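Look at the two complexes coming up: chain A is in both, with chain B in one and chain C in the other.
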Partner chain A sequence: MRQVVVIALNTFRENLRDKILYNLLFFAVLLIGFSVLLADLTIMEHQKIVTDMGLAAINLVGVIIAIFVGIGLVSKEIERRTVYTIMARPISRTQFILGKYLGLMLTLFVNILIMVVVYLATLQVYRAPVPWALLQAIELIFVELLLVTALALFFSTFSTSTLSAIMTLGFYVIGHLTTDLKGIAQKSHSEAVKAVMTGIYYLCPNLEMLNMKGQAAMGASVPLSYQAWASAYGLLYAALLISAACAVFQRRDF
Partner chain B sequence: MKLKAGTESVAGWLLTGSLLLVLGGAAAGTLAVVEHQRPAMVRAAELAFLPKGEYLRVAVLGYRQIAADLIWLKAVQHFGERKQTTEGYLWAYHAVDVLTDVDPKFTSAYQAAGVVLGVWANLPEESIALLTKGMRHNPDVWQLPFYVGYDYFYELHDPVQAAKYLRIASELPGAPAYLPKLAARMTVEAGDPDAALEFLQRLYQQLQDERLRESLVQRMKEVIAERDIRFLEEGVRRYKARYGKLPASLNDLVTKGIIQQIPEEPLGGVYELKASEGTVASTGLRQRLRVHRHYTGGFSR
Partner chain C sequence: MDAILVEEVTKKFRPGWPGLPPVTALAGLSLSVHKGEIYGFLGPNGAGKTTTLKILLSLMRATSGKVEMLGKPAGDLEVRRRIGFLPEAPYFYDYLTAEEFLAFYGHLAGLERGELSRRIDHLLEVVGLRDARTRQLRKFSKGMLQRVGLAQALIHDPELVILDEPMSGLDPLGRKHVRDLILGLRDQGKTVFFSTHIIPDVEMICDRVGIIVKGKLMASGRVDELVSHGHTQSVEIVCEGIKADEVPSITALATRVLQRGRHCLVALPEPNQLEDVLAMIRARGGRLVSVTPQKGSLEELFFKEDDMTVSVRSDTKV
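After this line comes the complex of A and B, so read on.
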């Protein structure tokens, strides 16, 4: 456990040294820039746009970090050959993967925390309401980021960085469209199509279940039980990916 | 030594394999629960939260067609529901409105949504709004004004407007040869069930979808019932003119030789004489078609 924490903290420090938090500047420019740009719109729309924009920016910035830092977690260590010095110590490969994952999780958490503070402050400035649903949506965004990080980490244990990035992005897109797959399966008259589509549906992560942005901006909250189940789903799927990543990494030669 | 390593790795594989299976199963199970719990409002309102088409067109960069296709796929799911609420249809309408902003040349979306909204959803205004929007962007597609004609004629009971759109359709390339004549009948003999029947038959030939066709067959049966009712009422009037009183039942018309036989009711009911007023009603027809009642002045009395 101690080893995992050490690696996690190391990863976090490394992320900070890589100037990951510069993205917050990008976030602030996006959020405040747009707010200023749209200031001459009517008051109602203006508030809505700031609310939408903030949620979208938090999500987008988070996903970019999750994918592009996530794929580098393991592959960079291997490319720089620093992985040998770590593996020479009494640290198992599973601990290494877990530590790396927890480290990025911490980075993402801190990142989101700062973004949320800026976001809420912006909403205050524009006197936009802060419904409870907004925080629900942000929590589910964080779960989504954990899932995407796990995807990136999983792919990077057995393929190159570029390929991992492409695959993770691909799964991110698919994850938002799988509900349509299910719809197609239900409407199809062919049993084979139905079975294949349903199979793919349960195999691919369903990120749309974690997406509450549209409703949250309208102030419509979801029941807590839904939030709990959806979070459980995201975390279970992430656990599955991390376990698979550990299993692959155990058997990998480098 | 080697063997031991072998069994060890087999055990390892089994352990990892079963762990992954358990986690995968748990994830799939949770997903099943989550999608069940997902509030119906959220599920149905997905389409309602679509951004305005003018913004979306910019946001999807160059990928307009594929974005429109994806929204269409979603909207079709809602159109296809056997039991859809008016609200659901309105959301689907909104989605098609947005996607045709993104890709205004998506003619099949206008056509399909227009027909479904008109024939099934009982939302002729929305149907006409979509179809005429389609006509503005695609002035060469004759089916669009043709379906507008259907909405005006059958849903809004306005044969004059219907004829106007049929004439527009008839002048477009590829329009069937029967259209000008049909348009003429529509205006001259407004309210004539035979003209309505012909229109429905032509529309039936245009549509491929079995369920839409079923709905049209139902409409045709209603028109036939209406035609029969008129025929019988005419017989009752002739009976009264000849004998100075109303017949006791419709069978009297046959026995006295006023009509050859009572036509078969196409909707599965029977025709009955309302002795007090001398009118005829069908037990299968819920209400007489307004379109004919409004414009019956010419022939019934």
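After this line comes the complex of A and C, so read on.
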């Protein structure tokens, strides 16, 4: 466990020193700038716009970090050969993968935390309410980010950074369209299309399950049981991807 | 018990395209490194040195064969606690300071805080980086990176130190520093296994040397044994009071005659011609200044092995 923590803390430190937190500036501009602009352009519903924009900005910034830092977690270590000296130490490859994942998870958590604090402060300025649904949506955004990070990490154990980015982005987009894919499969007359669409539907994570930003902006919460199931689904999917990443990494020659 | 034992190891890389034959990097390599010795692993570029090291450290799997380190199979996590490694042209986390960098590797090796702090102080002193302690590695020169890399390999006081081309890219002073450090490790009873293609480094510090060519160990043994065995020992005579290049009987025997002011250098290919030539010099009124036997060099052997023209000689299982 100690080895995992050492790798995780070093990954977190690397993210900090690579100035990942600068993205918070981007977030602040996105949130405050657009909110003010749109609020000025519309006559009503200032509060809803700010609430909506904030959640979208948190999600967007989080996904950018998860994908673009996630794809480099392992592939960068191999390309730069830093993995040589680490693997020569008493640390298993599984511990290394877990450490890298936990490190980015910590970075994402700190990021989300700061963004949420800024977000809540902005809502306060606009005297917008903070319904329970908002916090539910933020929790599910974090679960989605853990899943996306696991996807990026999985791809980065066997392909280059560019290819990993393309594949993760692809899965992310398809992950938000899986319900449509199922609809296409049901309506299609072609057996081949049905088979492919159904296959993709079951293979790709259903990220829409974790998306309740729309309801949250309206203040509509979901039952706790739904939130628990959706979180468990996301975390289980991430765990499967991490296990697969460990299995692939275990067999790699450097 | 040997510190490193490699038996009949082969490594074949899968080709990039289907249908192409596999590339053989190691073809039945066998070698052993005794405890407490400095073993130089010499070979031209592409001979299989780094592949061997990677297999030793389980960064790569052998296609077949047996590899043991400190009596345990390579890859055993406990054994890795007792091994230090510096890769070739290392790239490290350049956002860390020298101190943080060493602490990271010390933690991975399981060192406790107090001991780690003592080891960091000691090693930064040993590699001459005490003043760069809080500087980020991205601001280090190549030589400094090599030195901090060495400190990283030694942070947990390992019994066996494996170094891949530790002197490459260093200036003469840097190379001397690394040589001294390696000798110091042997004095402490450690085993050092290092790969290189720089022959003088091997000649100067290694107890034994192995020459790898095209994935096979072509020769292994003590440096003096390897260079003297089967090699002609030439002789250089320096004399004065005579112009040897004007004496046909001397120039006929010598491989080279050089007149430098009052002194004259006569190089003979065979030592058994020495007495005859000395008699000729005295007969012409010359005076002997020095006689130096010229040993065969590892370089000659290296080139010959690379050309695959010399039969295999060894003191170990080759």
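Definition applied: the second predicted complex is superposed on the first by the 236 of 254 C-alpha atoms of A that agree within 3 Å, B and C clash if a C-alpha of one lies under 4 Å from a C-alpha of the other, contacts with A are read in each partner's own complex, and residues count from 1 in each chain.
Rule of thumb we're sticking to: contacts are C-beta pairs under 8 Å (C-beta built on N, C-alpha and C of every residue); 3 or more make two chains touch, one makes a residue touch a chain.
Treat the numbers as computed from the prediction; the structure is a model and nothing was measured.
Asker: Once both complexes are superposed via chain A, do chain B and chain C end up clashing or fitting?
Answerer: Aligned through their shared chain, the two binders fit side by side on chain A.
Asker: Quick check on the superposed pair: does A:Ser92 touch chain B, chain C, both, or neither? Answer first, second, both or neither.
Answerer: A:Ser92 sits against chain C, while chain B stays out of touch.
Asker: Contact-wise, after the overlay, does A:Arg81 reach chain B, chain C, both or neither (first, second, both, neither)?
Answerer: It touches chain C, and chain B stays clear.
Asker: Could you read off the angle at the CA centre of chain A, spanning the centres of chain B and chain C, to the nearest 10°?
Answerer: Value: 140 degrees, nearest 10.
Asker: Touch check for A:Asn206: first (chain B), second (chain C), both, or neither?
Answerer: first
Asker: So in the superposed three-chain picture, is A:Ala244 touching just chain B, just chain C, both, or none of them (first/second/both/neither)?
Answerer: In the superposition, A:Ala244 touches chain B alone.
Asker: May I ask you to name which of chain B and chain C touches more residues of chain A?
Answerer: Of chain B and chain C, the partner in contact with more residues of chain A is B.
Asker: For A:Glu144, is the partner it touches chain B (first), chain C (second), both, or none of the two (neither)?
Answerer: So A:Glu144 meets neither chain B nor chain C here.
Asker: Upon superposition of the two complexes, what minimum C-alpha distance (Å) separates chain B from chain C?
Answerer: So the smallest C-alpha gap separating chain B from chain C comes to 7 Å.
Asker: List the residues on chain B that touch chain A in their complex, please.
Answerer: Those in contact with chain A are residues 12, 16, 19-20, 23-24, 26-28, 30-35, 37-39, 41-42, 45-46, 49, 70, 73-74, 77, 80.
Asker: Per the contact definition, I'd like the list of chain A residues that touch chain C in the complex.
Answerer: Within the complex, chain A contacts chain C at residues 2-3, 6-7, 10, 13-14, 17-18, 80-92, 253-254.
Asker: Can you check the complex and tell me which residues of chain C touch chain A?
Answerer: 54, 57-61, 77-78, 80-81, 83-87, 90-93, 95-96, 100, 104-105, 107-110, 149, 152-153, 162
Asker: Flag every residue of chain A that touches chain B in the complex, lowest number first.
Answerer: Listed in rising order, the residues of chain A that touch chain B are 177, 180, 182-184, 187, 202, 206, 209, 212, 214-215, 218, 220, 222-223, 225-226, 229-230, 232-233, 236-237, 239-240, 243-244, 247, 250.
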